[in-house]
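One chain, chain A, appears in both complexes that follow, with chain B as partner in the first and chain C in the second.
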Partner chain A sequence: MSTVEAHVPGVFYRRPSPDAAPFIEAGSVVEAGQTIALIEIMKTFNEVKADKSCRVSKILLDDGDEVDVGQTMFEVDEP
Partner chain B sequence: MTGLRRVLVANRGEIAVRIVRACHAAGVEAVAVYSDADENARWVQLADEAVHIGRSAAQKSYLDSDALLKAARSADVEAVHPGYGFLSENAAFARAIVEAGLVFVGPPPSAMEQMGDKAAARRAAQAAGVPVVPGSGPVDDPEDAVRVAEEVGYPLLVKAAAGGGGRGIRPVADAAELVDVLPGARAEARSAFGDGTVYLERAVPGARHVEVQVLADEHGNVVHLFERDCSVQRRRQKLLEEAPASDLRESTRQAITSAAVRLAGHVGYRNAGTVEFLVDSDENFYFIEMNTRVQVEHPITEAITGVDVIAEQLRIAGGAALTLEQDSVERRGVAIEMRINAEDPERDFAPTPGEITALHLPGGPGVRVDTGIVRGDRISPFYDSLIAKLICWGADREQAYARAGQALAEFHVGGVASTISLHRRLTADPRLRAGPVHTGWLEESRAGD
Partner chain C sequence: MNELIVRSGGLSTTVQDTGRDGQYAIGMPPSGAMDQYSFAVANALVGNPPGAAALEATYLGPELEFTDPRSVAVTGADCDVAINGEPAPTWAALRVSAGDVLSFGQVRGGARPYVAVGGGIDVPLYLGSRSTYLLTGIGGFHGRALAGGDRLPLGEPVGEAPVAGTEVPGELRAEFPDVTELRFVAGLCAYRLTERALASFVEVEWKVTKDADRVGYRLRGGSLEFVEREQPFGAGRDQANVVDLGYPVGSVQVPGGDEPIVLLNDAVTGGGYATIGTVISVDRDRMAQARTGGRVRFAPVDVETAVAARRERRVRLDKARAAVSAEQR
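This part shows the complex of A and B:
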């Protein structure tokens, strides 16, 4: 098991827009480079991308949660 | 006197400081609100009382209308000033304030709704005899849009009916691009503004953005405080504004200001508002939208007219008649406002949150700095990036720009990158100092640098 940490502080979002489906669900298998969340920082949106192919086992934050640099957002396993 | 006793300032940052000061100067008590991130902020300390309204994320504090209403009740205020941004142009919030028996320091909710829907605002302007950019009503399917676009003419802009602040706008060169852009524009409008309605508007190449500040009371009086030129923009966000608009023919100035007054009167407007126009190189002008709130750039209007716009807002909200008559509003000199943002111009304006480790503010004749920040504060990632506004007044453009150059040389922000360096270059740029530029100028000139 490894984790994905935030590189910037801001507000965490699981979906591209309020009425859209989440990028991923717990259990999703993702490819390297795939967008898995957004972090809003001063009204600009930064994409959080998977840095390797993996299975996301746990999502630790909810839509609209505050996130700080270094905070763990996801737990992931090798697929 | 304002007729008000105690006001809730439903905002943060420099505008909260500005409103608290105006309240106190008018003998009105001011109650501040704050999120977790803003507990020790300057406006909280300046206010008579402060109420905690929630978490740091704006959705859970400054955008939470229930939390603000609760704060208003608990603090026993009789009015709410929304500032700009957040809920300031949210008609449902304004209506909730009014239904709670409180005064909303802004226009009637009905006028906000009419002006907040850009397609409805265009119709109102046409009915008031104010020229609008050739455009359409709401467009739905691509086939319909292409047919309507032939009448409007290319190049054009796809705009969100509920949009504002430069957001929700997509340029389109031809029919193929229109068909391509339409679904995304509708989806973006729906997610950003809660309404997927879009319409088409012909692009006006090389136009200036000129806007007119108006004040209207409930007794039927409407005056204008002349105009501002806000053409120095990046991605449709204003960076530097000037009042009055330079090199505008007096006949154009009279026509554009009276058009703004006419529109405000037509829609039963009340309080402070701004009517925005595009002005082409032949000085034809076209209405684009009305902002139903006080704006970031109101201090340059204050600098050239001597009118305190926030004090007037409070007086109007308290039911008083305007003491200003049009003939008594005099224009003197030139003022420039520069937005000092926590963004790095060298890294494509990346946001730079962090601690302000040093802050040296400029001074001297004609120099005003509006800020909600003191040294040691953190620029939070949760809100917009404005650190301060620098306003410089001079007897003429040359003196205003000279003072701006000196003020920027003194201005120092430590700990985060800021747009001070960009403004130093801009205010020294002979092309800008020579006279008016159009809204695409900054991006074109940066691309060519």
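This part shows the complex of A and C:
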């Protein structure tokens, strides 16, 4: 198991817009470079991308949660 | 003249100097480095004159490739820095060669790292300054934040740079307290708040929201009441409004009464919100390093205290300059 941490502080979102489906669900298998969340800061939305292919086992934050630098957002397993 | 190749711009990296002073009357905010102390020390570490343009990053620094031998220094926020993947110290004079790549890890403390390069970033002057003003897209590098593929012009280094390895002593580096204390001078419209609201403004521990950038910091944590009055002509109906006035840089306005906004270097220069006080210039350096989710408190001071604090900062800056130049010998 490894984790994905936030590189910037801000507000966490699981989906590209309020009425869109989430980027991923727990259990999703993602490719390296795939967008898995957004962090809103300074009026801009910054994409959180998977840095390797993996299976996201746990999503630790909900839409609108505040997140700080270094905070764990996802737990992932190698596929 | 040579260039600096931007491989990635980071979250929001801009060219900044001491600021575009003297243009406030035409509605032009000063812009310039938000943390003037860290900016000035970075320039001292590479042997630049005090006002040379440098880079101000936000949270995530840029990745920069050098095309000739240069002095370089990173100050400000506490973050990991590497040259060609090898860890390099911050608040220290570094030396790079053509092809070397400077990169950043995540910020541990503070919010804004500064990167000074020997010779300075040689973008054209606009109204006397090389600072970027993002809202209107003027100054700096084409009026915008850096992006991958940009090539930044560099100036010719003048004079001697401190030798590589020269470090700024720990006590002369920026600090990142859990709660940032911001001294402020009450005014111009503090009379619009009830006494209880003014007292609670300094008692409350405010939290920095995600809406915190070079224009201003929006805070959350308390609620402030205004003195009831019949609004004068031109002030609008909201009790948080006054007839228009100029906003000093650092002024605190309270739209709606519950979310104070501290206006900073890129803010609009006037409007009709009641401004209940002004954060003193020295503490705006500290505010620049307060980050989203961080906490701040306000402490009222008088103008004499603000001026004394500015004098102390100058002494501290002289000490830092002396410390890095002394080790040169």
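Methods note: the second predicted complex is superposed on the first by the 79 of 79 C-alpha atoms of A that agree within 3 Å, B and C clash if a C-alpha of one lies under 4 Å from a C-alpha of the other, contacts with A are read in each partner's own complex, and residues count from 1 in each chain.
Heads up, the rule we're going with is that contacts are C-beta pairs under 8 Å (C-beta built on N, C-alpha and C of every residue); 3 or more make two chains touch, one makes a residue touch a chain.
Note that the structure is predicted; figures quoted are calculated from it, not measured.
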item	value
Fit-or-clash call for chain B and chain C when the two complexes are aligned on chain A	clash
Partner chain in contact with A:E66 - chain B first, chain C second, else both or neither	both
Touched partner set for A:H7, first chain B, second chain C, both or neither	second
Which superposed partner A:P18 touches (first chain B, second chain C, both, neither)	first
Partner chain in contact with A:M42 - chain B first, chain C second, else both or neither	both
Stretch of chain C, among 38-46, 164-172 or 200-208, that runs into chain B once the two complexes are superposed	200-208
Chain C-contacting residues of chain A that also contact chain B	8-11, 40-44, 66
Contact set on chain B toward chain A in their complex	55-57, 59-60, 187-188, 190-192, 342-343, 351, 353, 381-385
Residues of chain A touching chain B in the complex	8-11, 16-20, 40-44, 64-66
Residue ranges of chain C in contact with chain A within the complex	11-12, 58-60, 106-108, 210-213, 291-293
Chain A - residues contacting chain C, complex	5, 7-11, 40-44, 46, 66-70
